[in-house]
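For reference, the structures are reproduced in the following blocks.
You will see two complexes here that share chain A, one where it goes with chain B and one where it goes with chain C.
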Partner chain A sequence: MSTITADTTSLDVQAIRSDFPILEREMRNKPMVFLDSAASSQKPDSVVKAMDYYYQQQNANVHRGVYQLSQEATDAYEKGRHLVQGFINAASEKEVLFVRGTTEGINLVASSYGRKFLQEGDEVIISAMEHHSNIVPWQLICEQTGAKLRVIPVTDEGELIMEEYEQMLNERTKIVAVVHVSNTLGTINPVERIIELAHAKDIPVLLDGAQAIPHLKIDVQALDVDFYTFSGHKMFGPTGIGILYGKEKWLNAMPPYQGGGEMIETVSFEKTTFNELPHKFEAGTPDIAGAVGLGAAVEYMEQIGHEAIQKHEHDLLVYGTEALSKIPGIRLIGTAEDKASVISFLLDGAHPYDVGTILDQMGIAVRTGHHCTQPLMDRYGIPGTVRASFAVYNTKEDIDRLVEGVRRAAKMLA
Partner chain B sequence: MSINEIQEEIVDEFSFFGDWMEKYEYIIDLGKSLPQIDEQYKDEDHIIKGCQSRVWLHAEPKGNQIQFTADSDAIITKGLIALLVRVLSDQKAADIAEADLYFIDKIGLKEHLSPTRSNGLVSMVKQMKLYGLAIQAKNAN
Partner chain C sequence: MDAESKLKQLYRSIILGYNKNPYHYEEMESPDHEIEAYNPLCGDKYKLFLQIEDGRIKKASFSGFGCAISKASTSILVKRLEGMKLDEIAPMKEEFLNIAFEGAPTEDEEFEAFAAAKAFPGRSTCVSLSWDSLQEWLDQQ
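For the complex of A and B:
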């Protein structure tokens, strides 16, 4: 583990980098610059080791064994839940459900909440900057129930038009589901206000926290949010595991999502009674090692500290935005006041794919395309963007290499 | 020239490039000079959707040969299209259907023809070969 100085807002980035052996790799015979953490972050040693230890020393199925090893596996799994509960300040572990990731978290709510509470003529509010994961599940349940999707528009800068949102809320609105931080624009949405306005009309709110959790301190009780979901793999944890936080009153009122083992109390062919929270929503053998790894990722982030992470990333965002802005012909997509460390851009006359291909030749990993936000791309009338996203292990040198690469691409593609 | 003769010619041309930049600058130039597809063919019927870039392909049968014109919204994709068109256009349908496009690998651009890249090129080559098969079958009747 990296050593942190007494000052809680500064961090030793070289020490942090040493926790991520993959960052020493070369790509195209050059030291790799990894700027795609918004798609999936790298994993520190401690996460990999925790999962390794689980498989080598603790592996057994959970919640069912009378023997000691199964007890240990169950403890390791539930410790993951306990760590996440503390991390997001949930009132109870019952409110912390393990899912496969953000996508499953949203599908669970859309399906279970939707089947129970949505009827013909009801409305679901999302925004124009949603990831497909927070569009399609709602479209599916709207088709099944006859409910309607309403979409909060965004400004040219990439901010939600709150006046429009306010006017959209009405007695037919049954749920509001918006992204906390946009994966394409980096915009940090005013979620406190979004929740406040919805709650004034007794409407629950789901936040897609996939891009917020790696950067911001999340306190679900302070937010008073009804559902909050995120993926482990974007916060230094493993793929295949994520969290759906839900207020107990909603989770109790909702029918189970999937049926199977773990989630039942008694089964007969006449009637099945369901297990208590959180197990009611965790059918089948869970991703036990994933939960262990996610717990280790939480510990890793807490050891560095949110303040230090945010300060470092903010410095990178400011540095990168300034340096990129100076490149002739560049256009930044997403210039909201409040942003996480994501910079999307286009070069005049150049397709994002071409820019990404040239950067790749220089050992720089960025993402190009629509970032699973096609309606947002349509809103701006662009085919996609080049997106650089920064995590706690990135440096100013990484950004210098990016800027050099973009300048080179601009020259070659002009 | 046969398909393989053209492939050899391209491999030879690329052997002169010292580094990746020269190679890509050449591909970008090719992209800029590719004869544009007739605008009327840049429609939904001719589009090959990649997730990253879009490709339009038009095939014009000429006896037992096929002439291809194509375009893309990304210039590097377009440059690679120019190479593929140079190799496969105005060839016999049967030869197109059976072509082994080894030159892409030999000039170190294999990754652009990988399905994970999702730039539309893999589907384009598949489509070109299907045209080859279709024209071959039609002429056999």
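For the complex of A and C:
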């Protein structure tokens, strides 16, 4: 673990980088510049070691055996839940469900809440900047129930048009599901206001927190959000594990999402009764090592501290935005006032894939394409963007290399 | 070959030239056939338009958006299609893909420009997208 200075707002980025052995790798014979943490962050040593230790010393199925090893595995798994509960300030561990990731979290709510509460003529509100994972599950349940999808539009800068949202809310609205931080634009949405307006009409709100959780301090009770979901692998944890937070009153009212072991109380061929929360929604043997790794990732982020993370990333965002803006022919996509450390851009006359290929040859990893937000790309009339995203381990030197690479691409493709 | 030279090979003047000035890059008013070439992973999307007379392609054009590689590749395909019999298309596609991906020797400079794509496995669908879509259409005829 890196040494953290007493000043909670500054961090020693070199010490942090030393926690991530992968950052020492070379790509294309050059020191790697990894600017795709919004797709999946790298993992610190402590996360990998915690999972290794689990597999080498504690591996057994959870909530099943009477023997000591099974108890140790159960404790390790439940410790992950406990750490997440504290991390997002959930009122109870019952409200913290392990899922495979954000996508599964949204599918769970869309399917389970939807089957119970959506009827023909009802409305579900999402926004124009949603990831496909917060569009398609709602389309599927709308098809099944006859409910209708309504979409909050965005401005040219990449901000939600809140007046339109306010007018959209009505007695037919049964749920609002919006992204907290846009993966393509970096926009931090005014979620407090979104929740406040929905709650004024007793409508629950789901937030897709996939891109918020690595950057912002999330307090689900302060937000008063009904559902909050995120993935482990974007916050320095492993793939295959994520969290769905849900208020107990909703989770109790909703039917199970999947059937199987663990989620039952009693089973007979005539009738099955379900286990209590959170197990009601955790059918089958869970990703135990994933929960252990996620717990270690929570500890890692808490040791660095949110303030320090946010300050560092904001510095990178400001530095990167300024440096990239100076490149002739560049167009930034997403210039909201309140942004997380994501910069999407286009180069005049150059397709994002060609820019990405040239950057790759310089050892720079960026994301290119539509970022699973095709409707948003259509909104801006563009095929895709080049996206650079920054995490706590990135440096200004990384951004200098990016700027040099983009200039080279502009020259080469001109 | 170092990274810089590989890049220069890929983004040679032939590919960049066709990217900037694509051949018959326009929608056709009343085509006999309209074929979509779409890669949902990257979003590249083209429409190929064919006018056919007596089993021969009289006129071809295309519209749509994509990267320099896919646009140049589609452009060259469209240019070559004109005047060609339908049953000549499959052998031409095989020749093109052999040159692009297998390094088959050739004196065809335009086809040869895509041989550099071999060093960029992530970009192979950009090279073959329109060719594959055309083949799929042919197979259904």
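Note that the second predicted complex is superposed on the first by the 414 of 414 C-alpha atoms of A that agree within 3 Å, B and C clash if a C-alpha of one lies under 4 Å from a C-alpha of the other, contacts with A are read in each partner's own complex, and residues count from 1 in each chain.
Here, a contact is a pair of C-beta atoms (placed from the backbone, for glycine too) under 8 Å apart; a residue touches a chain by one contact, two chains touch by 3 or more.
Small disclaimer: the values here were computed from a predicted structure and weren't measured.
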Three-chain arrangement built on chain A, chain B and chain C clash or fit: clash
Which superposed partner A:R28 touches (first chain B, second chain C, both, neither): both
Partner touching more residues of chain A, whether chain B or chain C: C
First, second, both or neither for A:Q374, with chain B first and chain C second: second
Partner chain in contact with A:I399 - chain B first, chain C second, else both or neither: neither
Partner chain in contact with A:Q361 - chain B first, chain C second, else both or neither: both
Contacts of A:A308 with chain B and chain C, given as first, second, both or neither: neither
Residues of chain A contacting chain B in one complex and chain C in the other: 28, 350-354, 357-358, 361, 368-370, 383-384, 412-413
Of chain A, residues touching chain C in the complex: 28-30, 349-354, 357-358, 360-362, 368-370, 374, 377, 383-384, 412-413
Chain C residues touching chain A - in the complex, by the definition given at the top: 2-4, 6-8, 10-11, 16, 20, 41-45, 65-69, 71, 120, 122-123, 126
In the complex with chain B, residue positions of chain A that touch it: 28, 350-354, 357-358, 361, 368-370, 383-384, 408, 412-413
Residues of chain B that touch chain A when the two form their complex: 20-21, 24-25, 28, 51-54, 73-77, 112, 119
